[in-house]
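Shared between the two complexes below is chain A, which pairs with chain B and chain C, respectively.
And now, the complex of A and B:
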């Protein structure tokens, strides 16, 4: 996954997740507080530049991660632009036309969404999911939910590998040569994976018992050097971003 | 297709998050109860969340020739129970937002309601109703999985229509517009997902019945296995 590669290799990897999480939340608040599309675009620009230049994320990778979301944003914007009218004047009792009067509002929604997306990417591309989970642990989210998240995160790469190997084996036997064969192969793959869910969970449970596990899963929290300085910088820049969004017309 | 980051107005984003919270809390309560009785369920549900995430990353052939991913809500609800699917779905949606930039944090509540609440509960309700009127097993699974998939997108359309009512036709026109846009892709995909879930369940029942019985799957599937 491209986001994970960036999260583990970026320049801000050793900066406290509290600082990065705070800037990301402030970015989202600023996106919602922006009074005009221009301000929302400015927030998006600041956050994307901070991610690309500050955290040293290659621009091509940044665009590759953002591309599917940008496509969805375009599709969503276009669906908002179309207006359906159940009027009796039209031939079939309804007419489809462009909602030109709604254009400014739709543009505002799309710019806000873009700014929020850059705030999300700021966090996702600079902070590994394990750090985000430990940040949630500090926020006192339910332990069970965090345990499930940790287990799920650690297992998803194992399951992804199993999927990759099964698909390779199935493809080598022409398992995806036609629509019917594809459906059958995919069915076999998911069924096999579902059984692995129970087998792997049993193995994990036995492994945990063998190590004296008494219920909750405990993890060591990593230490971040220069954490107070990073958090102070994050608070100042986050608050400045929100103030900028609120006061700019 | 989830509602993307920042797309909903702030009041709607907060409102849907508040609406989703009781389902996630109740789901966690049932999970805690299950873990207390059977400690091995902690690992099972954690791996199940990874399974749902991986499932949503699979490319599925559609009858229109295009390809998309299964939601896995129907299959997950039948295997693990609908209440457990709310927190599992919340985790999967959070991972999709952070790891794939698909969906978002501000729209997490709205997406939980459509994908992790409406879909799973509809799947189990349809599956049980179909079994009650003696519909064959394969057809019950097909109806449960495909209707759960469709209802997920009907809910998303309603959420979007509620947030963005049509200037001329109001909520109804906006709902019709979003539902028709989704229908083009989602009806064929729901049929594909229904067929896929039947193939999966048939394969599980045929080849892995002893493992499933030993591993204590949900009561609905146990009845078919015995």
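And now, the complex of A and C:
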């Protein structure tokens, strides 16, 4: 929901998604092109500063949105670093082994991932998902994938509301008063949701038929003014970012 | 041009689970009229609506558009569904996209119209329901009433001749009901045939021209709303009668024959106006 909030209220909301998407992709290219961890970190820094200062996203919110991804990055970095050793010469036949020689490469991978993350956040925090989907539609991505994205995104909110209502109703009747009761209520919630998902999919199907649908979901793309200024700004900054990543040692 | 735009003749429908929803139901919808469909829960209102739009097909009997039975081929359905717009009761189960504009464009895009025309229709439909200013908001941040209006806009953008609404007033507060009534009034004035399923007798009495009362899948009564709602068997079936009609007849018993422009008052505001008019005339004499 934090991402949602930013996507709809940031300073760059009305700027063409094409421009923002281009910068984001350039950011990812730059992340892969970066020859050293230092360069990748610089790319990450530039992109995050652009998001926070340019699109006016509060830094604390930015960190909160990034936190889960950063946690996973840290966890996978550590798991790459440590490896289990099944050699016979250790005491229990099993030992934890630190791949010290791999440290520079692991650091490089982590820095690149971090730069990719900031590039993705640049787009996610400045552009509502509906705009991103229609941008993908413009890029002629497979219809089925986009239909699934559209429906899942909408259903996410419908179901989260249903979960909230069911949990409230269960709590009102002491459904979560003890551990046993909680487990039971949770089971009830899951069963109830399964039925609701089925019923809602039926209802959506009927609604689609009623509105003359016979297959693929078709929507009108939002009409953003692809202002030459925004596009040229995006092209210049995106290309500069890639050039920077390629030529910096 | 015939007077009847849609009609059901001896239509029966049984759901796959065995529930019989319509039983030899015959009724007619008159062109350009405001029709209220009343009946207890399970009387078959929603099932009847799904027949009007061709989503359900009866096992016996037939549904007609003017004089011709419905054509259930792909093209026939596309034509029918562009003519008969159906708005369901729960807005959350019919909004597809999280973007208001995109959702409203869904119907006209299905009709295969050029994008320029779709864009025009979407803006006009949003304007007609008073949602033009919220068009850039995500659907999940809208209020219940606003979602409902987006649903109506989604159907209006298909430019139907008949607008069918399943309990549009349910869950709306008084102010939102009033706003929706104004929207419906504009559509009616523009010549649209409007059919509404409702449990609100007072609303039906004040708003509709015609009333259809269903009882366990059959037609119990049909005709002028003022006549139908005052029939004793209808009152027994619906469990009550419009409060304005009750007050008017109680007043008549006390010798106060209140009228607005010579007619019986049909809504609260008309009743109040009729009473003050009655007192003014009394004082003049």
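To be clear about the criterion, the second predicted complex is superposed on the first by the 243 of 249 C-alpha atoms of A that agree within 3 Å, B and C clash if a C-alpha of one lies under 4 Å from a C-alpha of the other, contacts with A are read in each partner's own complex, and residues count from 1 in each chain.
The rule we apply is simple: contacts are C-beta pairs under 8 Å (C-beta built on N, C-alpha and C of every residue); 3 or more make two chains touch, one makes a residue touch a chain.
Being a predicted model, the structure only gives us computed values, none of them experimental.
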item	value
Fit or clash - chain C, chain B, common chain A	fit
Chain A-centred angle between chain C and chain B, computed on Cα centres after superposition, in steps of 10 °	80
Partner chain in contact with A:153 - chain B first, chain C second, else both or neither	both
Superposition-derived comparison: chain B or chain C, residues of chain A touched	B
Which of chain B and chain C A:200 touches, first, second, both or neither	both
Partner chain in contact with A:166 - chain B first, chain C second, else both or neither	neither
Partner chain in contact with A:6 - chain B first, chain C second, else both or neither	neither
Contacts of A:218 with chain B and chain C, given as first, second, both or neither	second
Partner chain in contact with A:210 - chain B first, chain C second, else both or neither	second
First, second, both or neither for A:187, with chain B first and chain C second	first
Partner chain in contact with A:144 - chain B first, chain C second, else both or neither	first
First (chain B), second (chain C), both or neither touched by A:48	neither
After superposition on chain A, the shortest CA separation from chain B to chain C (Å)	7
Shared contact residues on chain A - chain B and chain C	4, 129, 150-151, 153, 158, 200, 204, 208
Chain A-facing residues of chain B, complex	1, 4-7, 10, 24, 28, 31-32, 35, 39-40, 42-51, 53-55, 57-58, 60-61, 63, 75, 79, 87-88, 90-92, 94-95, 97-102, 104-106, 164, 166-169, 172-174, 176-178, 181, 192, 195-196, 198-204, 207-208, 211-212, 215, 217
Of chain A, residues touching chain C in the complex	4, 8, 128-131, 134, 150-151, 153-154, 157-158, 161, 200, 203-204, 206-214, 217-220, 222-223
Complex contact set, residues of chain C against chain A	50, 53, 55, 74, 77-78, 81-82, 85-86, 88, 90, 92-99, 101-103, 105-111, 115, 118-119, 122, 137-141, 154-155, 158
Residues of chain A that touch chain B when the two form their complex	1, 3-4, 28, 31-32, 65-66, 68-69, 72-73, 76, 79-80, 82-87, 94, 99, 101-102, 109, 112-117, 119-121, 123-124, 129, 132, 142, 144-145, 147-153, 155-156, 158-160, 163, 179, 182-184, 186-195, 197-202, 204-205, 208, 215
